[in-house]
Each structure stands twice: as C-alpha cells, then as structure tokens.
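Shared chain: chain A. Partners: chain B in the first complex, chain C in the second.
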Partner chain A sequence: MSAADEQSPARDAILEVRDLRKTFGSGGGVLGGNHEQVHAVNGVSFDVLRGETFGLVGESGCGKSTTARMICRLEEPTSGEIRFEGTDVAKMGRKQLLPFRRDVQMVFQDPYSSLNPRHTVGSIIGEPFIVHGVAKDAKERTKRVQDLMDLVGLNPEHYNRLPHEFSGGQRQRIGIARALALEPKLLIADEPVSALDVSIQAQILNLLRRLQRDLGLSLLFIAHDLSVVRYMCDRIAVMFAGEIVEMADSAQLFAAPQHEYTQRLLDAVPIPEPGARKRQREQQAEIDGVGVAAAEG
Partner chain B sequence: MWARLKRDRVAVVSLWVVVGLIAIAILAPLIVKLFGLPAPDFQNSNAVDEFGQPTGPTGANPLGVDQLGRDVASRVIYGARISLSVALLSTALSVVFGTLVGVIAGYFRGWVDAIVSRMLDVLLAFPILMLGIGLASACSIGNGCLGGLITPGVPVVVLIIAIAGFPYIARIVRGQVLSLREKEFVLAAQSIGASPWRIMLRHLVPNLVAPIIVYSTVLVPQNILFEAALSFLGVGVQDPTSSWGQMLGDASKNPDQWWFMLFPGLALLTTVLAFNLLGDGLQDALNPRKRR
Partner chain C sequence: MTRSLASPLRALGSPTSRYIARRLVWMVFLLLVVSLVAFLIFYALPSGDPAAQRAGKGADEAQIERVRHMLYLDRPLYEQYFHYIKQVVLHFDFGFSYSNNADVADQLTSRLPATISLALGAAVIWLVVGVAIGILSALRPRSLFDRIAMGGALLGISAPVYWLALVVLALLSQSYGVIHLIPNTGSYKPLTQDPGAWFTSLLVPWIILSLSFAAIYARLMRANLLETLDQDFVRTAEAKGLSRRRVVMRHAVRAAITPIVTAFGLDLGILLGGAVLTESVFNIPGIGRLSYDAIQDSNLPVIQGTVLFAAFFIIIANILVDIVYAVIDPRVRLA
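So, the complex of A and B:
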C-alpha cells in the first residue's frame, strides 16, 4: 500500500515525501561505542496537497517529530526524498535554502521551550524579518510584528513582554505568529496543543483552522490523538513505529478504519453514543490481553 | 538572583569587602597620600638598621619597611592594584575565550566538540604553574623571549593565568550549551534560517550570563592566588612594582621580620576569602536547591 500509488498526478502536491528514513545511532562518536540503532522513521511516503490540512497521527515516539524536522531540513534524512514544490530539499544550496525557509515554517510542540526566555515577544516574532532582511526599518518591523500579534489574538501592546509573562496558550500564539511572519506556504504544526490545558486546546485549534483557511495555507498537522485530527484534517496518515500503516480521507478513516492500530487509536477517542463505552472496554481488554503497550501522549 | 543574594549575610559582607578592596586599588595613590605614607618604591636607607635589617612599625612606617627600606603599608596598598587587576583581567580573558570555545563545541557537537574537548583535557592536565615558571624564568634573561616580545611582568602573568583558567569556563559553558541547544527555541531559530553565529551569540550566550558570572567569581580568587604564587617564586610581577606574593617571597628570606610577612599575608587572605565567599553566595543564589 504505497502512498505514491494512491496519488493521481493531477493533484497538486506542495510536498512530496518518498521512502523517507532516519536511523539514529548509526554514526557513532569519535570514541566508537556500540550504539544501538533506532529506526525512528522507516520508509515513510505521503503527499501534502496545496491548501489542504494533512494529518499525521501516531503514538509518542513513532517518529512524527523526526519526520517534521527532516521536512524542515533541521535533521538530515538517512535516505529517501523530500520535494517541496518539485525541488529536492536535500539538494538545496545556500541560495535556495533561504527562500525555502520562508515557505516552510514550523510550530513546535512545547511552547515553554520553543521561545527564548531572554527575548521579548517583539524580538521573537520579529526575528524572521531580521534574518531575511525584510522590514529593515525598526518602525516598520514593530508595526508588522504588532499586526501579527493582532492576527493570532495577542494584545499588540504586550510587545515588550518576556515569554514567562504569558500563559501556555498565549505562548503558542506567539509561536504561531513567528511561524507566520514570513508568510509561509506550508505550515507544519508538531503537536501544537498537546502541551496545553484541554480547556485551551480548542482555542488554538480554532485559530490554526481559521488561519489555514484565511491565508490559504497548506498545513501538515501532527498529533498523537485522533480526536484532535478529526476536527482539523482533510486527509490523515496513521503512523506506527516509524511507518505509515494507513492513509485515507478523514471521513473514510473514521467510518471504516482498515488497520488494527488505527482501530486502537479510534478506541481512545471519547465516544458519545450509549453502549459504546462497554464495547470499547471489551476491545481494550482484548488489546491488553495481546500485551501491546498502550499509546501514550 | 539578587533578591536571594541579599538575604545571605555572609555574601553581602563579602560583597562590601570586595567593593572596598576595589576602591582601595583604584584610589591607592590618594590613600597613601592621605595617610602621609612614603611612595611604594621609595627606598629609605635610614629605615634600615646598621646590619642592613629592616625596621618594624614606627610612626613614619606604621607597618614597618622591607629589606630595601620601602614602606610596607604603602606597598600593600599598591599591591591591591596588581592583585586585583591581574586577577580580574585574566578572569575576563578566560571568560571571553572560554565562552567562545565552549559555545562552539557545544553548538556544533560532533568532531568539533571532540577535538576541542580533547584539547581542553590536555590543557587541564598540563602543569601550568610549571609552564609559568619556565616561561617567566626563561624570558627574564637578557631581552626576553621571541625577540623581546615576551618579557616577564604583568602581561605575561595575565596571559599565563588566563590560559590556565579558560578550560574550566569552556567546559562549564560547553555543558550548559549541550543542554540549551536541545530546547526548541534553537530549532525554531534554525528553521527561520538564523546563522550559527546568530544562534550562538543572540540565543545561547544571553542564557549563559548567570552561570558565567558565578564561575567568574569562583575563578577570581584562584587567579589572585596564582598571581601570588608566581610572584612569590620570583617569576611573576617584578620589582619595583609591588605585589603581595612577591612581598611574601621577599619576606620568606627575612623570617625574623614578622611585619614584613604578616601584612601582605593578611591582605591576600582577606581578598581571597571575600571573593570565595561571594562566589559561594552567588552560586547558592543561582541554585537555591544547593543550600548548605
């Protein structure tokens, strides 16, 4: 069930991932040492279409972040191919890399570690402008930063505050504003709400969905929880132990999950209908009996 | 950090002693004049008795004189200048160089880190006091080494002490950077296209300021003692410039003249103690779980 076979060439893919692999612990240190190899990503293929929200779901440690980092060229793939708008990401030279960085941006999982504690909100959101030499004039930069703050629902007057003065949800908004500064075409959101209070998660998800529609973004949305993805995504790929085990349209996946692991993930989603709980418990007991470790956040 | 430091009495007192010492060092000429003391390099042959022995405390020389008839009080006060300026200057050099090396090793990891770390190991294993003695004594003959480029005296002493101290700073900084660079804000900076230099200087270094301050205050007293040791052995600060270690070295050749040894010794002890206690206080303030 290769992903490439399912895609008809007529569809306009902004991102194509083919047989992507990453093995950790193969290089070894200078002093040798027999490291055990971890096949974090083990032959992953998928496309993200222009303007769609594509979900990548799987339990913690299955290789989602590693995949995202390789797409952003923050981590070098062991093998495989990543094409962004038809260009091989691995082969980009310095000249192509800077525009690529503009076009592909990432929202990180942990809003407490993804903002430099010593930088003000203004300099965090404004850094992409400095690095890329846009909005060189300080006044113009301030204006654009404040526009971005407004866009993501932050008070633009809080421009000079430090990250620790904000709540988790507000911090994630800062991270989103930073990612949007350079008007990317593809936004990768790596579990953007998993570190947040449940009460705040919906706000951030709504914001992302609104931004995706208003700005016409292509969104690669990563989560460990199917309930979050259902609400966001057009298509979903389910990842398990470094591989994609199932990929389908969102509605189809929820209606008729093909893979056993997908069913297990679905069982973890709260189900409102009566009787469902009981059925779920029975299935859970079955899985426990088989001795598979339960997915964890 | 400062709020916690203020609650630590010992650290506050040490801080005031340190401030006082720095004031004495800066105002040395003024203080000497104020007390009507002779200049530190003035050799009063009348103050040495008929057997060539220095005299003890008198009205004109409250702390006595040395074997050349120079006023001990005046030389101790001027000695604070050398002691502090050598220690602070060498610490500053160690910190700048150590931070640079440590940040580069910690940020790039891999073979860069491997090479840097092995070089630091070698430096730390090196008997740097021996190097200092060798270098200083070799360069004290004739016109010095390298065509007069290196002559014994303050600059060489500063350089040797800075070389001895920077591996400690580099190691500490490297360790801090190794954990800092795992934070997602480093990935975020990379993903917007920031250069390694920008990440190191704008993102990593500002997060290292507090530990660097603490370890500098630990390094200062070490460096004061290092300077004293080199000068005691006669390969550090040279006559007529006065330094506590050098005075102690001279005094050890005149063991009967207690004043000659006591006062520079006391000055050294007070200074080192004050810096050490201040360093401890700062470390506790930074690291509240590590309480005594």
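So, the complex of A and C:
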C-alpha cells in the first residue's frame, strides 16, 4: 500500500520516508556460499507531520527499531529515501549532517545501556553543547544542563552523579534531557518505556506528551504496546514483518481496524474491565464472522 | 584482621590513601605466605641436601655437618623459617648464594636494572603496537588490514620467545649471523654506563619479548572494542553528532580498555620478576637469568630471593592496576 497517496499535500511533513528497505546478509559460510538474507525493513513509506505524534507499532523484530535507526542515520538503508525537511538524509555530507543531528534526536529503548556508565549525567547531557558549539563556557553549560534536568523532572543538583546512581525511570529522563539538549525538531522515541516498570511508564509517557506539547516537537513514537501508542499518538502505522500493513488516525484504527494483523494485535490487549473482553469478541465476530473462522481454521 | 586495622588506618585521611595502606598491609601478609610456600617446597621436600651442596664437592661428613649447623639446617623447620624471615625483614638479608657465597640481596638489586630496562622497554612497545592495531582492526573488521593484523597476531602468539630469539640471532647476529646486524648476546651495558650500547643491545630483546604480548593485546583490544562499539551508549554518542574520532576515543575505547589495563599490570609485574626466557637467550644479566642459573644449581637462597622479588612486583602491579581502574572508570571506588 502506498502511504504517500493518503497524505493530502496541504499538510506539512517534517519527515518523509519512501520505500525504505534494509536487508541484512548473513555473509555466507566460511566458503562464501549459502547467502541468506533477512529483509528487516521491506519497503516502508510514511510521513511524520510537523507537531504531530506519529506511532509506529508492531511486535519485536518487525523492523521498527531498524527503521528508526535509519532515519537517524545510525544505519545505512539498503534502498529507499528519507527526507527531512525536504533534504535527502542519505545524501547529507559531513557539513549537513551536523545540523541534522541537532534537529533529529532519539530516545533509546534501554535507559541502562544507552547511557555511558563512565560519564557523569552532566557530561552526558552537556556533551552535545560542546560538539555543536552551543554554550561554550563551562558555567553556561552547567546552567543549561541543570535547566534541562529540571525540565524533565530530575534534581538539578545531581548533575555530577553517574548513571548507575539513578533508577530506570530517572535514567530515561536523563536520556530524554539529553535528546532535548539541542532543541531538536523531530524526536524519535524507540520503545522509550518498554524497559521500565509499569508504574514508571505512565510518568515517562506524560513527560513526553507534555514536552511534545510545550516544545512543539514532532514525535515519532515507536512501541509494541498498543495501549501506550493509543495514549500517545495522533496517527499510527502498524508494522508486520518489515512492512506497514495499516496506517490510520489513532481513533479510527482502534475503532475499525482494517488489517487482520491489527485486529489480532488489538485482540491481545488486555482490557481492565470485567466482561469487556467478551463483549469485544462478540463484536469482532459480528464484524468479520467468516474471517475469524478462517484464521482459526 | 580488617577490624583491628580499621581504626589506625582511619587516621590516614582520604579513602584512597586508606585503601592503599590497607592493600600494602595485605601485601606483607601475602609475601609471608609466598615465602612460606617457597620455603617449604625447597627445604622440606626432598630436593637434595642443602648442606651437602653448600659444602661443595669432596667435602667429608664432618664438614657437611659443620655447614649444616652454620646454616641452621639442623634446627626444626619452623625455627629455620623464622630465622630466614627475621633476617629478611630486619636486615634485608636473603642469605648467601650456595654457588659463589655472594650476598643474595646484593645480587638481586644489582640485577634489577637490567630486568627493569628489558621489561619496561618491551611493555611500551607492546602496549602501543598492540592497542593501536587492536583499535584499527576493530574499526574495520574483516578488512584487509584486519585480516593481515589478526593473521600476524596468531603467528606472534604461536611463536615461542626462545625459538624466535634463536632464529633472529642465527640470522642477524654480529659474529655468526647471515647478516651481521645486531649485537651478540651478552652485550648488555647498564644505561648509566653507556646509553647507546644499552639501547642497541636491548632493542632486539625488546621487540622479541613484546611480540607475543602485542599480539595478545591486539586481539583483546579488538574483541573488546568490537563489543563496545555495538553498545547502545556508543549509538547515543553518535546520535549526539559527535565526530567519529570522539565517539571512538572518548566513549568506546575508554570502556573497552579496562581488560587491557588488568592484563598489562599483571604481565608487567610478572616480567619485572624476571623475563626468564628472553634474559637467558640473550644473556642479559637480570633477575630472570639469575633465577634460571639458581634453579640449575639448586641454589636455594637465590631461588627464594627471586621468588620473593617476583611476588613483590606482581602484588605491587596489582595494586597499581586497581588504582588505575578507579581513574578510568569512575564507578569504581577505592574503599
């Protein structure tokens, strides 16, 4: 399905992804034979509009993270096109790449391994300032680091501490502060809460929502958890085995899932209400009576 | 033991100096254990009669008995050991060599500069070469450079020092080599006497001694860096827009180098206790050569002395490794 056709041209896309592909080769055996190739991302197209939260959802291993990494140019696409504010990301040279790194930032899945354990929080959040030539003197850097820590709900006094002195949720706040340091236009959150306790997840999600609203960020939100995506996103694309199988406005997707895989995903979401599950199944059976029977058979 | 030590140590101030003080106390304890084990192996187990050896060939029963009495060998073992330790601790007296009656402590200290020269020179070479090759290989895995470097490393690890040294000598030595290029064995001169000769005589031993270490370090560095480069925080650093150089040096190498530090401390400590093979082949008058000769002659006091020296260096190296650890990894607290 072609995602581009569904966009009305009047809407302003900050990120355009067209027919993106990534193939991992096994490299073959010792003698070079037996080349097995995995199509991790197999022709993905979507747009992220300015100021919206766009969700990419799917089970683990479906190519979400690879897609995110390619958008950040942490990984090279095999083919396809990624345009950020109209410029082809793959064709950026060193000169253009630096401002691009400012504009597009990523919050990583694992708040434990994604922070360098040997650097203090201050240097983790403040390092981008040095590289990008913002806030050149140390005093101003500290001030900005502390402002950012305050913004994400961390105690600014703790800027001299090391990552292992923080809890998982606090670490993810550090990761978010780090990502926000250079005031990016597009924030990519790759499963930002899946490594956290459920009780902490909501705090981080609310933080991201608040920041998105207050700072006017465009957010590409990646998750495997449908209820999380529903809470966060304006529009959602469902990925399965390297392809986008369905893309719709959040409300629409949950009300009337079109693709069979989306329906199965929705089915798997537990509903915290007695009897609701049963009602849902009955409704579902009514909607696509034959389809379910076929799927089960 | 720790409890009773804790209170006087507290007066020493910073946690780091307290830590070092505690480690030094431990060192003394460990050296005592080492000396006891060495003592038991050499004196209590049947390895020939020390008194007969000391008395020399053709000595009669009465002479041997006299020597036995002089060397405290007719006392119970614990008394012998106590006497030995007392002499070492109070007078830095390791006894006298059985073969030439020389003072063991003097022998050890006079041979130390040669061993330190050899070990430190080789260490500089293998550290620089090994780490550099390891980093370059890890940055371009499976490249031509990587394949050649790792193939070479395999050769370096497989070639024994004594074999390699003999081949090089046979090919290049001044008087009997195919090309007369490098000084003969036994041409070592102390640095203070003749710096030029010191350097030229040690150059080949340095290279040969460092080769297998460089190979091991290159492989270790490569493997560690490859693993680190694949970690999330390196990806984070890259996403920040840092230059490749900064990502590699400040984030990845700093994390990947810790096992190198461990290995380096131990290797250097062991070599300072005497590079037996290299010193023997090139006839460098160091601790290694001394211990080799001592073992050949069952020269027990000298063996004891070299064992204690070696243990001392290894323990000191270990303490230094721990301190360096705390410097490169701020999570490590010395306390």
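One rule holds in what follows: the second predicted complex is superposed on the first by the 262 of 297 C-alpha atoms of A that agree within 3 Å, B and C clash if a C-alpha of one lies under 4 Å from a C-alpha of the other, contacts with A are read in each partner's own complex, and residues count from 1 in each chain.
Methods note: contacts are C-beta pairs under 8 Å (C-beta built on N, C-alpha and C of every residue); 3 or more make two chains touch, one makes a residue touch a chain.
As the structure is a computational prediction, the values presented were derived from the model and not from experiment.
Overlaying on chain A: chain B and chain C, fit or clash?
With chain A aligned, chain B runs into chain C, so clash.
Taking the superposition as given, does A:132 touch the first partner, chain B, the second, chain C, both, or neither?
Both partners, chain B and chain C.
Go through the superposed model and pick first if A:120 touches only chain B, second if only chain C, both, or neither.
second
For A:178, is the partner it touches chain B (first), chain C (second), both, or none of the two (neither)?
In the superposition, A:178 contacts both chain B and chain C.
Once chain A of both complexes is superposed, is A:164 in touch with chain B (first), chain C (second), both, or neither?
After superposing on A, A:164 lies in contact with chain C but is clear of chain B.
So, A:108: does it touch chain B (first), chain C (second), both, or neither?
both
Would you please give the residues of chain A that touch chain B in one complex and also touch chain C in the other complex?
The overlap between the chain B and chain C interfaces on chain A comprises residues 69, 72, 74, 97-98, 101-102, 105-106, 108-110, 113-119, 127-128, 131-132, 175, 178, 182.
Can you name the residues of chain A that touch chain C in the complex?
Against chain C, chain A makes touches at 69, 72, 74, 97-98, 101-102, 105-106, 108-110, 113-120, 127-128, 131-132, 162, 164, 175, 178, 182.
Chain B touches which residues of chain A in the complex?
Of all residues in chain A, those touching chain B are 29-31, 69, 72, 74, 97-98, 101-102, 105-106, 108-110, 113-119, 127-128, 131-132, 175, 178, 181-182.
How about chain C: which of its residues touch chain A in the complex?
Where chain C meets chain A, its residues are 231-233, 235-243, 246, 251, 254-255, 328-331.
List the residues on chain B that touch chain A in their complex, please.
Residues in contact with chain A: 111, 114, 183-185, 187-195, 198, 203, 206-207.
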